[in-house]
Every structure is written in C-alpha cells, then in structure tokens.
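Next up: some structures, all given as structure tokens.
The following pair of complexes shares a single chain, chain A, combined with chain B in the former and chain C in the latter.
So, the complex of A and B:
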C-alpha cells in the first residue's frame, strides 16, 4: 500500500505529478477540487486523463500549466517536469516554459486565437517571442507549420482571421502553434469535443501522427472513453477530485478494477446496444465538493460498497506494474468480495 | 420499422403511421443591406420524406448543418416549410386553423438539449411543469398540483422538488424536469433534440433508460435527433442519416449498423471512437476527407462528392436516385459506388 500513488520511478518520466492538491477560495471557505493526484507521463507516451464533469481532470491540467483562475492554487504535492518541481515556479519562469517545453490546446480554439489578428500574425508572434528570427523567416516557418498540420490551402489561410475558419481548421491552427517550438509535453484538454465526428477523427489522426514524428508526450484530457481507447497508451481515471484507477488502456478497459470504471463502461450506450442489454446507469450524481463523503468518495453510488467503504478511506492499491486502484476490493483481505465478470463487454 | 411495408414512401402511409413527412423543404433566405435584399438561400432541408410509426423511435442522425434540428422544428410546425407537407395522423399541419393547431400541439412535445438554458431560472418546478396544463386548460388548482406530482414521480423526482428552482438541480435532474414538462399534456409524439448530448455518460444512461421506460408505459413515439451514433444504436428502431439537408440513407437500426451502404454513413461509422480495443482493430479505415461544405452553396450532383473517397465524374453532375437496396433499407445510390444496384467495395 502506497498512498503516494505510484512507485518512485520518476527519473524516466517527462512529467510526474505527486499527491497534487489544488484548492479554490470560495464564499464558503477553501475547497479542494483535486486531492492526492499522482501519475506519470513518460517521453513519447500518450496518457489519457479521463472523468466526468467535476472529476477534477481539467483542474489537474490547469494546475500543471499554472493557468488556474485567480481563486485557485496548488496547496500541496509536486509537479515534477523534466526532473524539476514546477509546482511553485514563478510566473516569469513558467512563461518561458509554456510554449517552449509544455504546450496546451483547448476545447474551444476560438477563445485562444485573437480575432483581430491574422493566422500568420499569431504564429509569427509566438515564434518571435521564443526565437530570434526575421519576419520573412517567421512567415516561411508559419506556412510550413500550417502545411504540417494539414491545413487546406495553407498559403491563403496565413492572411485570414479566425472567424473565416471552421472549428476543425481553428483547432489545426492551435495545434500548429502548440507544436511550433517542439515541446516535450503537449496537454490537450478535450480538443475534439466541440467538433463533428468526422472532423474529430481527422484531428485525432493528426495528433497521433505529429506525436509520433516529434516524439512529444501527450496528456490527453477527455470525458470520452472511446477517444481514450483510440489515443492513449495509459489511462488515469478520475472521480470527485481523485485518481481512482490507472493502468495500460487495454487492461483498464478490458478488466477494470475499480467499480466506477466498470460502471462507466457499462453505462456507455454503444456497448449495451450490441449486447441488447439495458444500460447500467450509475444511480445518483457526483458529490458536491462541499459535502464530500469522508471515506470512499464513490461509495454512495457503488453497487459493491460494504461497511468499510463508508468508514475508512481506501488507499491506492498497487496491482502490478503501472496499475493501481483506489478501492477496498483491491485489498487482498477483501478480495473474496469481488464478483467475477463485472463488465459486460 | 418499415419491414411490414416494403415501400413506405408510397403516396399513402399505413394506418399505424403517426407522422408522415413528404418532400419537406426549408430554405432560409440570406438577406443583405438596408433593403434586406435576398442574396441567397440556405438550403437547410431539401425534399425529405419519411414515416414515423406509432410507438417507435426514429433517429435523425447527422453532423452539424445537416438539417436535423430544422426537420424537428418543421414537424412540430414551429417553422413554416418552404414546400412539402407534414401530416399528423393524416392531417396536413399547414392547413390547420390556429385553434386546431394548438389542440394538436398538446399531442406533440419537444425536449431540448441544454437542461440549463431550456428551463426558466425564475420559475419553480411546479410552474415549469404546470405551464402546459394551464396553457391548454387541462387542469388547475389542486388537480394541477396533483398532476405535477404524478409527473415528477414518473420521471424519478418527488413532491419535495415542487417548490425548488432549476439552479438547485443537477444537469440530469433538470433534464428530468424537461421530460416531465413535455409529458404534462399527454403527448403521443416527442421530439428529443439532442436530449442527452449535454449529459455525462453515467447520467445519460439514467435518462436513456427513463425515456425507454416511459415509451413502454405510455406508448410514446420518439423522433430522436442526435449526432451520437452509440445513443442511436441503443434507443432507436429506425435510423435516418442526413447530410446537407438530404436523407442519404434510411433503415432499421440493426440493418444500418450491420450493413451501411452510403459512403457518408460508412464514414460516420468509421469515425466514431470505439471503446473495445478488439472491435477498433476490425473497423473500416476512416473515409471522409475535408469538412462540410456550406449549405448556402452546396456542391452540385451528389452533395457528398467533395468529401467522398469514391467520387467520380458522374457524381459531380448527377443527383443520385434513392434506391431500396433491401426491404426498408434505402440509400441515395450514386453511380460511383453502385453499378446496377450492386455495391462496389
């Protein structure tokens, strides 16, 4: 049992998040949106951070980037990026890290692009900020980048404004900006959620190709287990501000160890449609941050909960390499309670 | 399903048809300048025909801009069609007097996507759900309150929720209120416009199960408008796939998923992320390229030809005919992928 989450194999990871706790100041006092979150992202690897609304997945990503709202702050734990704890780095140092070493793309690219400037201007501005190059070089590089992200008619797009671009094209511009300086880590927060499914497939394909080419690691924040299956090598499942299970994608999706992961898979309509079964909804809803169950946070909605779950917070149980679950059922002394075949897929 | 009646697009619909749509077209004018000169037309819906059987669920699927939402509004007569007819139990909605239309509206209701903006924040649950009862003079006073409580219980809420306001509920509970409101007038047909799209998957499962139970109990007919193919496969009996205002394919749900014919349908299916890693490997490679053309200036001939992997010379000029490939399974048969009605793989 190791409440810290993973074993201390941090040396080979690009990013190691350790016992991260992020709090927000509210009218009702300090409240922790994320607590005891630990995971690693290794070079060239894609790790999915998955969860429903309120799970803390986006807060975790924003904490790493130091992009929290002013009321939020990292209250504990470490964010080790390339061997250095950046959890409390000063804004000036953080600014040179962002873009250069860690880049981020968001669900809605139109909020990140400036409507008053052309695509070329925005790409060039970023290149000038971080590189000593001439305007002509910047234009050439910007065009190269747009071609690289598969922008149709790239040369003409250099001089357009964002409102003339479709959602998919805007996301391509964002990806071009994010990868312009060859960062070692790309954080993608629901980058395809607002897109139509055929365009989503194109963007996912692009991200996969670019990650392979550049060797960048990706932390992919999403609510969609289908996207997880398509994109990620490993998956970190969050619920109510905590990591409740993590492991290699195939293992977690095929043999989930935490009842929440299993329930989430069983509530997906695609699975039930093919087996003709009724959907297994998860009763109730995510607990409020102000009224968090003090033991297991999923216990009030869990079909397998027993007395211990409501009394004692479950520790993170290590289940072999790269695999753990925050559940009493994974404790050797309680494993007799586990029922076989918890997933219908 | 139309299996019992091989060609359901005949002049007369069968007796268990509750909604009959024929050559329905809606063009929105694009106006410019002070004099509002019409400079173009957005062809939102272009000559579509289909039947909805009483007690069945028909899904209208497509990406943004395909005309599915406009179709839903035309069916409820919230929009006046440019041409074509919608018949409810054989009666043309366009020819009805105002009073008649109002009486008919009791029997057709709608549930919206966004449970946050579709409920008035200043109204209590009681007044939201009771509004339809009052407008249509169905119940008042004590009787009205009793009916609202009955409706709330039907959707899994209780009399304790009567005096609460929308902000006191979670997204899933709000959608239940939206459903209770829709059920208040004892409707027969409910248009569900992306009714579960904004919900987390575990909550979405609760609402989908509720909709299925209500259908069985009250013999409801659903027109389910959605972009989510997993939801479609779970909830619907028949699927209509739309692209740029036209129906490209239409079949019983399992027929469509087992044997998609039109290249656009196949592109959609291949683009949906699959959770099961084994199934993902067996999938067709992704087909559609590029993005949706503008509905104000749609491509000539087959509207999908600009993105179609099988596109040929003929498709740029010839508008494909709709062919019934198997009983109840119709698709726009374009010359590029069909020769003598046989699919070219």
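So, the complex of A and C:
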C-alpha cells in the first residue's frame, strides 16, 4: 500500500531518494530518525526540505552525504545520485563525490571554517583534493571564487582567517568553496538561519544567482516557509521523520493537502501579519523518536484527525504530477473526503 | 602579540622577585646555618664560630642581609658560596648546562611521543589499541620518575648487563657517552610529561573531531588521514601547549632527584647538596634560575600559541 512517494521518474533526476531510512544507535536500541523518505531533485532545480527541528530534514541531508555521526547509518532505501545508488557506497568512492559532485554548506558559518587556516588555504584545499593543480593556480582560482561570491576586498581576504570575517562573509566563503568545482548538487542546510535578516536576503540572492549560473541543483533544508516561497521550485514537507507532503511550491503553499502543512502555514508570522490574523501555534510537540504514534504521526496534534488516523497509517496519496500527501483526508478516491484545512491567504 | 610577551616578561620578573624574597626568609627561618652545620663537629670555640659568622655577615640583621643580597642580584652578583670557595655565579654557570640539556631532552622526548600517542588514541577511540595507549598513559602518569630511574638502572644491568658509563662527559667531549648518561634520566622525566600530554591531546582531539569545521573538511572529500593530521591535530594542540608549560615546573623538580641519582653534575644535584649544608646564596640563586627557566618556557609556550593560532597572534 505504501508506495513511498513519487512515481518512478528517476531517470531525469540528479538525486532520487527512495524510501530512505536512517537509524541511530542509542542506549535504548536502534531508533529511526528518518523513515520512508522519498523525493527527487532534478538538474538545476531547487527543492526545499521543510520541517520543524527534529523532523529529520538535516539527518536526511547528512545521510545523502554520508556525513552522519558515527552512531547513525542508512538502514534502508536508496539514494540514487546521477543514476547510481550511493546509499551504501564505499567511503573511498564517497570521498570522490563529496565536494566534487555533491557539495554542502551548513547552518552556522562561524563554526564551519577551520580557525587555524587561511581562507585561501581552505579554498585551495578543495581544489587540490579533486584537481591536479599547482599552488599558484589554486590561489588564482580561489581569488576568482571569492570575487564571484561578492566578497568585498577579495584579494586581502585570501590571507585572513575566519575570525576576521563577518557571518555573511564566512557563508560566502563556504559557498565559494562548495561551488568551486561546479557540483551537480548543492545541499544547503539552513544556510541563512544563523545570519542577520539583511544578510540572509543577500546570501539567498547569491545562492540563487550562482545556482542558475552553474546549473547546480539545490537541496535547500530550512524550517522557514518564507524562504521556501522565495527560493524553491518544489517543496518537500517533513514531519517526524517522514515526508508528509510534497509538490510545486506555489501549489503546496496555496492549497496544502496535509493538515500539518496547513498548520505550518498558519503559524508563519508573515502570513498572519498580512491577513491580520492571530498567529496560530500548532498544539503539542513533535513526537519523540522513542514513542512514535504507529498510525499517522501527526494525528495527536491534528485538528482534523478522526478514528481511522489513530488506527491505520495513512498511505502516500498521489495527487497529480509531482504532488502527493500522506493523509487519509487527501485520498482522492474516498467519498467521505473532506477539505482538510482552510489556509488563510 | 609583542604586547603579550612584554606583559609576560614583566609579570615573570615580578614572580622571580617574590620567589627570591620568599625563599630568602624561609631558608633563614630553618634552624642551623652553614657554619653551624660545617663546624658542629670541628670542636672550634664558640668565639671563633661567632667571628666567622660575623665575617660572612650571618649575624647581621636579617633585613640588612636581604638588602645586601637583593642589591647584588641586580648586578648579577649572587655572592659567594658559604661552603665552596667559589662564587655562586661560577657554580651556576658550570652546573646549569647539564640541567638545561637534561630538561630540554626530556621535554623534546615527551613532545615527540605524547601528542602522537594521544592522536592515535583518539583516532582509534574505543578500539583495543586505544585502551592500551590509555592504560599506558595512566601508568606513565602515576609512576614517580625516581622510581622509573631506579627500575631502569636495576633492570638494564640485571637483564642486559648494561650500566651507564661512569664519570660525566660533556656533550662536545664525547657525545655518545654524554647521551648514554643523559637519556635514561631524560626518559624517566619525559614519561609523566609525555603521558599527560598524550591524555590531553586525546581528549582535545576527540572534541575537535566533533566540530563543524571538521565536518566541513569531510564534506570537501578529504580523507581521514588529512582530516586527522592536518586539521584535527593542529587544533587539538592548543590546550596541550598550556599543559606542557605547566608540566615543565614539575619536570624541573624531577631533575633535582634524577641528577643526584644518575650522578649528573647539574644544578639539581648541587641544590640538593646546598640545602643540606644551608648554603643560602647558592640555594637562593638556584631557585631564581629555576624560576627564570620556568617563566622562559612559558613565554615560549605563548609564542608557540601565536604561531599555531592566528586568533592569539592578532590579539
């Protein structure tokens, strides 16, 4: 019954995650932080991975990169990158993909650069790792890259250390590094969350421009639906380790099919402010990994939940091209189907 | 950075002054002076003893003695030994090189092994080799260095019939003999410092390996060796340096016993002797020299910080 998501249009996708399951070893046994996650990222496309903290979006991103901490591992599913399953790829082969084909930038740029090495060293390192070039060539290229990401006074910045840079500048260095080898996929894990609002906009602009130029696809992990609307072509909404809805950004934000997506939209400050409504918090909290509701994981917090929701896990209902939702209410064939949520837009 | 060094030098001088003053008064509050001890069994008359003491200034008011001594130091005049017929400065200049060689050899040995062992231990965390290295470093930390000295002397001769050449040779006279005489006490001294640095490197390296910037290096496609040796190791050395500076004090203390044990004519064995004979000027001057060495090493540690860490270099 559970098809695990999108129909099999994997051939044109740069990344296809299929029924990914990632587990962590804990004192209380194996626990799945991510289960049954499926989505596609096509070339040049920006896909947003959205959810509250603890929804498994970062774990999903780290699983793709094989950068999970040592207690975590991929326990099931496939991660098909450029046509081959890399879910269980050997570390040696994975290394040649990282940086070269799949690059990643992280949430807090202030802790992501090595404090003891210059900006040049860290940029050049990326180049040396995957290309056979001289130090002088690497320096020239590093300078180009810095200029390209709009680093003010780029030449002088080459020889500085991260503690001399602002948060925005550090993230620019990270972006320069990530895009140095024109990867086909850039994973950006909350890249603007730790930055000032004004800087956020600049960094988002930069990412969009560069992605357009290089043709890199972006998997954009965020909790901010405002950023999603601005950045992404498609959105994948995660809740408690599962994808609960996905589709084109405009459609999902306008007519959410899953009550959780709707609730998330209603809890956005921007939305409420525009319509003069009270901000609606989602009651309750994300269930613990150790105590997952066995049917619908959102049911305990859902305003529209009915008896079936707590008994039988809802399947992923396909709702036209690129659109699906994991909710009983979104089943197109059911006669008792109700409109899930009114989104105040 | 220069400012930091100047500040350290000034506070070092202040510390030296306090050490000297403290020691001056403490030594003089210990019953019996050099003459009492030397002449106790010589049968000389009380009058003669008092005369000798007067000549040497031992009967002057204590503050006056202190003023004399302190004003001498400024001119690098530490006075004459009360026991040997030699100026204190000459004795120190003759003896100090041996102690310097021993302590720097010991530090070099511990730095050659400690951090590397700590790094390997951290990389192999939880594996048997990690366990062995950790137990080894606890053993190294807990065995007193003089015991290591005794054990080495005993078992090298028992099992291999080897004994350290007798009769101290300076390095440029006979490097091979000198090294044989130096290496065993140096190992004994290096063991605890090396073990302490190994433990510190391990814990600091484990912490560094969990940081975001190491994840960044991994995300670039770097292999574990490069992550460990280039990025993690360098970052993990910062707290280790502080520790080495502090441990150096204990190491200097250890040289006193080990020089005596291995018959090395260093400052340590001389101090050992001087305390016994209440040779005040010599003890005081030696304490100053030890203090100065400790302070200098810690200034070197500060310089090394700056060399490793650009954040410190800038401030």
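In the analysis below, the second predicted complex is superposed on the first by the 334 of 345 C-alpha atoms of A that agree within 3 Å, B and C clash if a C-alpha of one lies under 4 Å from a C-alpha of the other, contacts with A are read in each partner's own complex, and residues count from 1 in each chain.
As a convention for this text, a residue touches a chain if its C-beta (ideal position, glycine included) is under 8 Å from a C-beta of that chain, and two chains touch if they have at least 3 such contacts.
Keep in mind that what you see is a predicted model, and the values were worked out from it rather than measured.
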When chain B and chain C are modelled together on chain A, clash or fit: fit
Touching partner for A:208 - first (chain B), second (chain C), both, neither: neither
In the superposition, chain B vs chain C on chain A residues touched: B
Touched partner set for A:139, first chain B, second chain C, both or neither: neither
Touching partner for A:267 - first (chain B), second (chain C), both, neither: first
Touching partner for A:65 - first (chain B), second (chain C), both, neither: second
Lowest C-alpha to C-alpha distance for chain C against chain B (Å): 7
Residues of chain B defined as touching chain A within the complex: 63-64, 170-173, 200-206, 208-209, 212, 227-231, 233-235, 267-268, 270-277, 280, 286, 288-292, 307
Chain B-touching residues of chain A, taken from the complex the two chains share: 52-53, 152, 166, 168-169, 196-202, 204-205, 223-230, 249-250, 253-254, 263-265, 267-274, 278-283, 285, 345
Interface residues, chain A side, partner chain C - complex: 65, 67, 69, 92, 95-100, 103-104, 106, 108, 111-118, 125-126, 129-130, 161, 163-164, 174, 177
Complex contact set, residues of chain C against chain A: 210-223, 231, 234-235, 308-311, 314
